[in-house]
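I'd like to ask you about the structure that follows.
The chains carry the letters A, B, C and D, assigned in the order they are written, with residues numbered from 1 in each.
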Amino acid sequence: MKDDLLLDVRDLKVHFPIEKGILVRRRVGWLKAVDGVSFSVNRGEAVGLVGESGCGKSTTAMAIAQLQKPSSGQILFEGKDLASLSPKELYEARKDFQLVFQDPYSSLNPRIMAGDIIAEPLRIYARRGSITLGEAEIRAKTASLMERVGLLPSFAQRYPHEFSGGQRQRIGIARALALEPKLIIADEPVSALDVSIQSQILNLMKDIQDEFGLTFLFIAHNLAVVEYFCSRIIVMYLGTIAEIADSSVMYENPLHPYTKALLSAVPIPDPPKERLRKRIILKGDVPSPAKERTGCPFRERCSYAFERCATSRPTLI
Amino acid sequence: MGTQVEATPEQMEELKRLFGEDKPIPVLYIEWLGRVVQGDFGFSLRTSRPILPDILQRLPLSIEITLFALVLALALGIPLGIAAALKQNPLTDIVIRITGLLGLSLPQFWLASLMVIAFSGVQGWIPMGNYISFAADPIKNLKMLFFPSLAIGTGLAAVIMRYTRNSMLEVMQQDYVRTAKAKGLKKRVVVIRHALRNAILPVITVAGFNTGYLLGGAIVIEEVFALPGMGRLALYAIYQRDYPVIQGIVLLIAAMFVLVNLVTDLIYAAVDPRIRLDEGGR
Amino acid sequence: MGAARLKKNIIALAGVGIISFYLLIILVSLFWLPFDPVAMDTLHLLEPPSIKTGHLFGTDEFGRDILSRIMQGCSVSLIISLGATLLGAVIGTLMGIWAGFLGGKWDHLIMRVADILFSFPSLLLAIFVMGILGEKTYNVIFAIGIVYIPQFARVSRGAILTLKGNEFVKAAFSSGASKTYVLFRHLVPNIMMPLIVQVSLSLSVAILLESALSFLGMGIQPPYPSWGNMLSGARKFMLLAPWTAIYPGLAIVFLVLGFNLLGDGLRDLLDPRLRNVK
Amino acid sequence: MEEILLEVNNLRTVFDTEYGTVKAVDDISFTLRKGEVLGLVGESGCGKSVTNLSLLRLIPEPPGRISGGRILFKGKDLLVGDEEEVRLVRGGSIAMIFQDPMTSLNPLLKISLQIAEALQLHRGMGRKEALAKAAELLKAIGIPDAEARANDYPHQFSGGMRQRVMIAMAISCNPDILIADEPTTALDVTIQAQILELIKSLSGENTMSVIMITHDLGVVAGICDTICVMYAGKIVEKASVDDLFAQPLHPYTKGLLDSIPRIDAGSRKRLYSIPGSPPNLASLPPGCPFRPRCDKAMEICGREMPPETSLGDAPRSVRCWLYASGEGGLE
């Protein structure tokens, strides 16, 4: 079991300073985007990170991808603490975790052709000598990647604006696959897509996962999508983890009051079922993550809240 | 500098000591700033008169021309911009665009020269060395400053017209304008209450920014119309290499800019509640 | 694309047409001018425009042919505005890219300085710089160039900051790209269009600034002709001989308009938002 | 059955673009009864929002233009006569809420004022009375501390609260019809639940009819009585909510239902996915626009657009050659 561990996140915190002032900027507080998050991901697993906007799921993903500096905590990838690596070592390690982004428009440079976008990671690593591929091999590999994600290799000469949203997302996936990573961090990969395209992309990623034995960290706000794609789900609320559960049991037996509310809020495309469902309607909005707080972050909106919730933060069981 | 300076040798010695040629420049600068804060701008190298009173005497005219030009630019630019946005079609679009660009392309001093050529025969409109101050006769004064102000303001009017038009067109496509229409409000109410106020926001910023451009213009225009403003003082100081005077003027202008920016921000905040309530943190 | 795109480009094309015309005049003026632009002719002082005398735009207070002087002034105006714009563009853009890309305290410092320079009226700034440097032709280039540094710094910094937020930049970093690589491969090519627009608009303002400086006697020094100093010379006689003031001014207006049209037309091409509005 | 409130017949709206004339809404018809909640469902670019704006003649002209059809509201054609007549219907008898609550309120005006405007116009209230009523509405709609908050500006409200304000504004004049254009798309799921609950309760107690425009079949299942599925500017299937989900007829509807992941799926069987992507409206293929993506396409589908075929009880109908009784039909 221990050997299977690919990613281990320990007490990750990402706090952004809130600054005020025009001439002299001084810190007036912290925005605790991620406030003590710990979880692990095993090899070959698809783990989902869900939550509503501002819960810190994307920041967590960016911190794991080493694109956002954590304030504290450790991110162990294959047992190595990524923060302690030298730039050279980090550069080598990056090959093993790649990203798929949300916005199919801003994630592709408009002035670079599809083939070059996909080949870019290969060219970067080949130039520095950490992989040995010639230009011809890189082209062949790009072509086969395009084919794999369902694009005609002849599209390599086209610019991003000549593709539809779904096709652009395929380009993004091919780029992430180029370096044959072990982990793919997908940050809301289908939320910007139309319903009929969503399932195409989800199925494509599923096939790729099976084929290459990939591990996925899948970030989304849509519980149904995460439940479909992942075997384990982490529910986040206000920078902390509310619940971690196997996706097969989560719908049947949610434990955390927030998970319960979240699940009951997701509409089901089944009219008779919808009519019978009892909704838990949460009061109010998500509080600002910039506010200082003690105790359980969910307590203001929780219908089960009792005295202890206000004083001490519950630990993950 | 040197020989032509009309100052006695004693005064020159005094000046040299005052400017302390033995001290490093940063020290001199700080010492100068220290005196400025106390209202002592020093003396002119040319006339040996104290600088501040001379500047202050001429400043009001320059400010008056600048403000007059600003008012004219706004009065011309905003209505034309709104009209252009509301009467949008390919023909007016292109006419408005070229007019706007043409307005930007006219050198202010040349426009002023044309005005002199065209209106010099008309009594009281073109000031030619017979300046009458506002305090002495407001009507004659304003009449006299109309063309100088117009010459400076035309370019800004063109800029403001284009900004107003574009901003208006953009605002008219906003969701809240659609909401206002969906409420059943009259077109006039939609335009005035919902669109115009929002459209004017970027125009305020642009107008504030360009007040500097107007003041720069005022200095050249004073030269064309022979008006005794700060511009002429500045120009002569530069011709004469009268550095203390130049320094003083630069400082005053800089101070005025801080003031203009402040006023712009205040006006902006008065119109936009988002700024007002966000504790000034933009 | 197609027709509508071309229609909008009429603006840019008109600009190109005007600028080409001036370039042609410069080319001609290198080899041939109707009269010697600096030769005085006391017999024909302040003569009105006439085909008979050959002075199509008339003569000035020294009897010099105004058309020839305008033609000769063309190259000065263009060289100075080009030089100043390039100077400001290169330094300003480098500063802006540096500030925008690195962020942090450098960004803060550079942009504060740029803001202060920017808030100062450009003509005044140029006048004061001329006052310090002295009235030499090449100093005009410096004076106007300095005015442009903060403007280009702001434009390029803004463009870099917007681009930096794009996910493709994150994607490049996660593909192992270095900062320099991201800067030159992903960011710089994408800011070229806004910079080209800014260059075109700056050229127009540079011509205005140069003419204003020369008008005030701080730019190009007589007897060498520049449009600004021609207008300056015309001041005393413009009531008597309006043509001395009108034609050099028109020369300025049309060249400036040419650059404004070009810049404005180009801006349409790169701003998809405005494209819908226009 | 309740009386018919709104009847849309053969509505066509086109946009003149640089790529040619785009038929954003192409010959659609539907009816809305008193108290009914009608869902217009489809993916982006299917014409559902254009339909909504066409109903009150809010299409920006140019480039848009309603090129045909009738919109009968209580028997009167809203497309006939000058805009002034429709204007008084807007916000009075037919009110709208929009997708993005962050941008749908004027940032420079107080909340209370924006609600009061409609009251002054349609109910002839005085300013004071209207402002008092606005505060009352805010309270009714679930804004805590409503009286004080009425004098706030939109930016002081969260997204969910702003959508509540929009709803308060819309229902202020007791409209017969509320058109909700993707009212919860920009909101988080727990806030979405709050807003849907609110709309449901309002339509229940006020017998207000609702046209719900959305891409989310789950939302539709919970709130609508009748559903129109749109594709490429056309209504391809119409049915009561139970029929549609129990027995979708059009291949597009079927594909769509099979391609959404469901939280209650239990067994995790592979999702179906419709191949290809929605067509470009400026260059539609001849015949049925869904043909290139359809796994049941026949030869005729490439030639002719199928007619609307009624099946069983109204409102059940479908536009597909599989069900057309004419040439090439199966049944």
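Here is the rule we go by: a contact is a pair of C-beta atoms (placed from the backbone, for glycine too) under 8 Å apart; a residue touches a chain by one contact, two chains touch by 3 or more.
In this text, all values refer to a predicted model and were calculated from it rather than measured experimentally.
By number of C-beta pairs in contact, B-C leads over the other of B-C and A-C. Using CA-based centroids throughout, the chain positioned farthest away from chain C is D. For this pair, chain B with chain C, the centres built from the Cα atoms lie 21 Å apart. Centroid to centroid, with C-alpha atoms defining each point, chain A and chain C lie 49 Å apart.
Computed centre separation for the pair chain A/chain B is 53 angstrom, with centres defined by C-alpha atoms. With touch defined as above, residues shared between interfaces to two or more other chains in chain B number as follows: 173. Those residues of chain C lying in contact with chain B across their complex are 7, 10-11, 116, 119-124, 127-128, 130-131, 204, 208, 211-212, 215-218, 231, 234-235, 238-239, 242, 245-246, 249, 252-254, 256-257, 260-261, 264, 273-274, 277-278. Across the complex, chain B is touched by residues 53, 56, 58, 60, 87-92, 95-96, 98, 100, 103-109, 117-118, 121-122, 153, 155-156, 166, 169 of chain D. Contacts from chain B toward chain C in the complex involve residues 90, 93-94, 97-98, 101-102, 104-110, 113-114, 116-117, 120, 166, 169-170, 173, 209, 212-217, 219-220, 223-224, 234-235, 237-239, 241, 246, 250, 253-254, 257, 261.
Of all the residues in chain D, the ones that touch chain A in their complex are 43-44, 144, 158, 160-161, 188-194, 196-197, 215-222, 241-242, 245, 255-257, 259-266, 268, 270-275, 277-278, 293. Those residues of chain A whose C-beta lies close enough to touch chain C in the complex are 25, 62, 65-67, 91, 94-95, 97-99, 101-103, 106-112, 120-121, 124-125, 128, 172, 175, 178-179.
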